[in-house]
Amino acid sequence: MPASRLRDWLLLGPGLLWLALFLVIPCAIVFCFSFFERGVYGGIDYIFTFENFQRAIDPLYLSIFLKSAKIAGTATLVALFLAYPAAYAISKAPPNRQTALLVLAMLPFWSNYLIRTYAWIVLLNREGLINTGLRDLGWIAEPLPLLYNEFAIITGLVYNYLPFVILAVYSSISRLNPEILEASEDLGAPSWKTFLRVTLPLTMPGVAAGSVFIFVLSIGNFITPDLLGGGNLLMVGNIIYDQFLTARDWPFGATLSFILIGIMMALLFTQAILVRRAQGDAPEKEEANA
Amino acid sequence: MREFKRFDPTRLWLAAHLRLVYVFLYVPIGVLMVLSFNKAGLPTVWSGFSFEWYGKLAENAAILSAARNTIVVAVISTILATLIGSLLAIGMEYRRRGAGLEAILFAPMIIPDIVLAIALLSFFTLLEVTLGLHSIILSHVVFNIAFVCAVVRTRLRSFDWSVFEASIDLGATEITTFRRIILPAILPGVIAGAMLSFTLSVDEFIIAYFTAGAGQSSTTLPMQIYSMIRFGVTPEINAMASIVMLVSFTLVIAAQRINKESVTG
Amino acid sequence: MSTLKRFAAACLVGTAAIAVSVTTAQAEEKIVISNWDGYMPADMLEKFTAETGIVAEMAVHATNEEIMGKVVAGKGKGYDVLFVSSPFVEALNHLGLVAELDHSKIPNMANLYPQAMELEYDPGLKVSVPYAWGTTGLCYREDLVSPAPTSWMDLLEPKADLKGKITMLSTDRWLMAAAFLAQGKSVNSTDEADLEAAKDLLIAAKKNLLSYDDTTFYSKLVSGEASMVHAWDGWCNYGIGENAAIKYVIPKEGSDLWVDTMVVTAASENKDAAFKFLDFVLKAENGAWVPANILYKVPNKAAMEALDPALVTQFPNLGITPDELLSQEQLRDLGAGQKAFSKTVTEILASN
């Protein structure tokens, strides 16, 4: 018993300590701000109030949340359709090439977010490479509206976070035991059935983790909506950033963040429970051992 | 191997899909590289060929020192976060802790960067901590832990803990058991987590800006680049990114060659 | 797992070593200056050190808002001199984060235009020294826009052929200023009816925009993607430098006067050295670098008089006189009106 206590402490201790010290305490300070008033020139007046919460329940902020959730959700779906087969293909490559393929997928992202975004502007704008290319080929007469809209934002988000989804899914797929798949095929199951009944459920943890990565990173992003969306669409990340920095209204910024985190936690919990349940159905003996 | 047993349309489709994904990932990088030879300083308009930005880059001490700082921050925070995050993942999956812990682990991903940034700076100021690269590292580890832990946990979801118990029962020490049984099982996840956290850290701006000390010695590359927006992000940055891409690319391919030779040879 | 332990130990030692290396180098007289990259000559700090023996280090910020947030949360610790725009000076002063200037230690303030002493956000320049100033107006392609624009309404209710070929600034104060000026209101208004009217006008205007753009609008003019953009005069000059058909105009309803300034933080432990730095920047030859290289006007009379007239011919807005500038309304901190103001801006940006 004491040995297993010690083991728990060694495994969980460093992480919990780090998060308690550099996440929980600092953020608790900021969340206390949400019960105080903005100072006339920014900063905080320590007068207790619920005003910030009253301001936050305005339908304006809810509609921004819903719209950005829709965009982040679309980006997540698109990324999954691109990432899953890619991760699957990487996991089928000879073992000594897999790491190289993964590094090659991450490599473009060791440059800088801003100049990658500029590169997309060069590609997508009305006089950009794609439009002039298509025009020279005679495929289009008028330039396509590729930039400064939802399409551009989603493209930018998918592009920047796709490798994260690939990594998460790969981490799950590469753990698949080929014998299970062979057994299923040897029993005469067609390959799509094997995929739906065996592969997909077993790789759900990776799909779930990857989805969470791209969804939370997207909804909090504010550079892509500004540059590729042309500021025509606001994401949750934009309004929180603006409240803290542009309006210098920390109490209200803290309140909005507080509510955002609450909603996201609820969503993630639901998702985690659903994944666990889906896994419970999988042909694996995990529950028996737990 | 089963790999080339027969003609398999699924396999062909997968291979084609993978190639297309890489094209998608590298097309903007190609544009970015071409722009590094752009004559004028405009970030998005081509105006003629020139090598001058590579020369300017070599003389730009601010960018070079920022690049060095970025690598220091990314490498150290990745190592720390990979270590701590992996242990945490094992602990979480072995113990199957309750909801509270899960919530704390999701939090660093969900909390908007600007909130964490202001929270950490207020906290460090309260404790009168001297700011510098070390405070950026401490802060980057916070969100990196969450990402590493999430990736490593995907490998442990279906892990058969009875093997672990059996090994202990048979008298193996916990450390041996960890090295022989758990580590091989999670290793691809650990590598994936490390790559993820390095990538996040290299490109992170807001938290780094707020937790950095004042001055050149703790300016990272994203901070330097964003400060250039007002008077024009010059193609020097593209030149720098192109060099980073080419060097890393060459290293990956070279490592691949060596690896192959040692396997086949 | 001893390798693991050694590894962890190495990490901690490494982090500690960096911490130490950062804290030790603080023996001599040293100041830290935060500025946008490229807003000073690259060798300015070296020259300053050569002349005064004071070590000066450069920190960078991307926006006023970011340096402001950092100084408020960190109490300005570590910084001695900040470059920020005028409304932020006012807020920093009210928050007690900037130091009062000792004019006797900044003799080169005599180089400033007398008008610079009358800036409303800091009358008598008690806490700030102006570095550069200018207006906000319309920057357009003469060959693509005819007749030439003269009014803010040309931007807000464009002719049919300009629809979808226009960008506006989305930074809150300037976005709203365009509508306020068009409607004959103060750029500092937080009156409910004024906000409502400006909001309606800007939401209607949004449908005709190519995009909001605060950073690359001049590139869009050069590439022809946009024909007319809402711009700061200095930035419009970057477009003019690439294409002579690009022109700048202050609409007939007027503009705002924006001023980029230098302040000394209250937290500075080396205020005398910081004053010396301000004095050094105010030297005529240092001031002259700004219009000659980044094409912004400076309030430094001696510097502007030394300017090459050919530059003013090529970039006419460099010739706007201090009197013309002072006749524009200045942006002030909005104080308690900020809450209503920023909600209006959010409503505009979130509308479709």
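Letters are used for the chains, namely A, B and C, taken in the order the chains are written, and counting of residues starts over at 1 for each.
One rule holds for everything that comes next: a contact is a pair of C-beta atoms (placed from the backbone, for glycine too) under 8 Å apart; a residue touches a chain by one contact, two chains touch by 3 or more.
Everything quoted here is computed from the prediction, not taken from an experiment.
Colleague: Return the chains common to the contact lists of chain B and chain C.
Modeller: Expected: A.
Colleague: If you average the Cα atoms per chain, which one ends up farthest from chain A?
Modeller: C
Colleague: If you tally contacting C-beta pairs, which pair wins, A-B or A-C?
Modeller: It is A-B, judged by the count of C-beta pairs in contact.
Colleague: Calculate how many whole Å lie between the centre of chain A and the centre of chain C, each centre taken as the average of the chain's C-alpha atoms.
Modeller: The mean C-alpha positions of chain A and chain C differ by 34 Å.
Colleague: Report the inter-centroid distance (CA atoms only) between chain A and chain B in whole Å.
Modeller: 15
Colleague: Taking each residue of chain A in turn, which ones touch at least two of the other chains?
Modeller: Those would be 118, 121, 125, 244-245.
Colleague: Touching two or more other chains, which residues of chain B qualify?
Modeller: Within chain B, the residues that touch at least two other chains are 43-44, 83, 114, 118, 122, 138, 226, 229.
Colleague: Give the residues of chain C touching no fewer than two other chains, as numbers and ranges.
Modeller: In chain C, 66, 69, 215-216, 223 touch at least two other chains.
Colleague: Going by the contact rule at the top, pick out the chain A residues touching chain C in the complex.
Modeller: 38-43, 55, 58, 60, 63-64, 67, 118, 121, 125-127, 147-148, 226-227, 229-234, 238-239, 242-249, 252
Colleague: Considering the complex alone, what residue numbers of chain B touch chain A?
Modeller: Per the touch definition, chain B meets chain A at residues 2-3, 10-11, 13-15, 17-18, 21-22, 24-29, 31-32, 35, 43-44, 83-85, 87-88, 90-92, 94-97, 99, 101-116, 118-120, 122-123, 126, 138-139, 141-142, 145, 147, 149-155, 157-158, 160-162, 174, 185, 188-189, 191-193, 195-196, 199, 202-203, 205, 221-222, 225-226, 229, 233, 237-238, 241, 244-245, 248-249, 252-253, 255-256, 259-260, 263.
Colleague: Quick check on the complex: what are the chain A residues that touch chain B?
Modeller: By the definition above, chain A touches chain B via 3, 7-8, 10-12, 14-16, 18-19, 22-27, 29-30, 82-83, 85-86, 88-90, 92, 96-116, 118-123, 125, 129, 159, 162-164, 166-168, 170-172, 174-175, 178, 182, 191, 202, 205-206, 208-209, 212-213, 216-217, 220, 236-237, 240-241, 244-245, 250, 253-254, 257, 260-261, 264-265, 268-269, 272, 279, 282, 284-286, 289-290.
Colleague: Would you pull the chain C residues touching chain B in the complex into a rising list?
Modeller: 1, 4, 7-8, 11, 14-16, 18-19, 22-23, 25, 32, 34, 36-39, 57-62, 66, 69-70, 73-75, 77-79, 215-216, 218-219, 222-223, 238, 242, 294
Colleague: Which bits of chain B are touching chain C when the two form their complex?
Modeller: 40, 42-45, 47, 62, 72, 76, 79-80, 83, 114, 118, 121-122, 124-125, 130-134, 137-138, 175, 178-179, 209-210, 213-219, 223-224, 226-232
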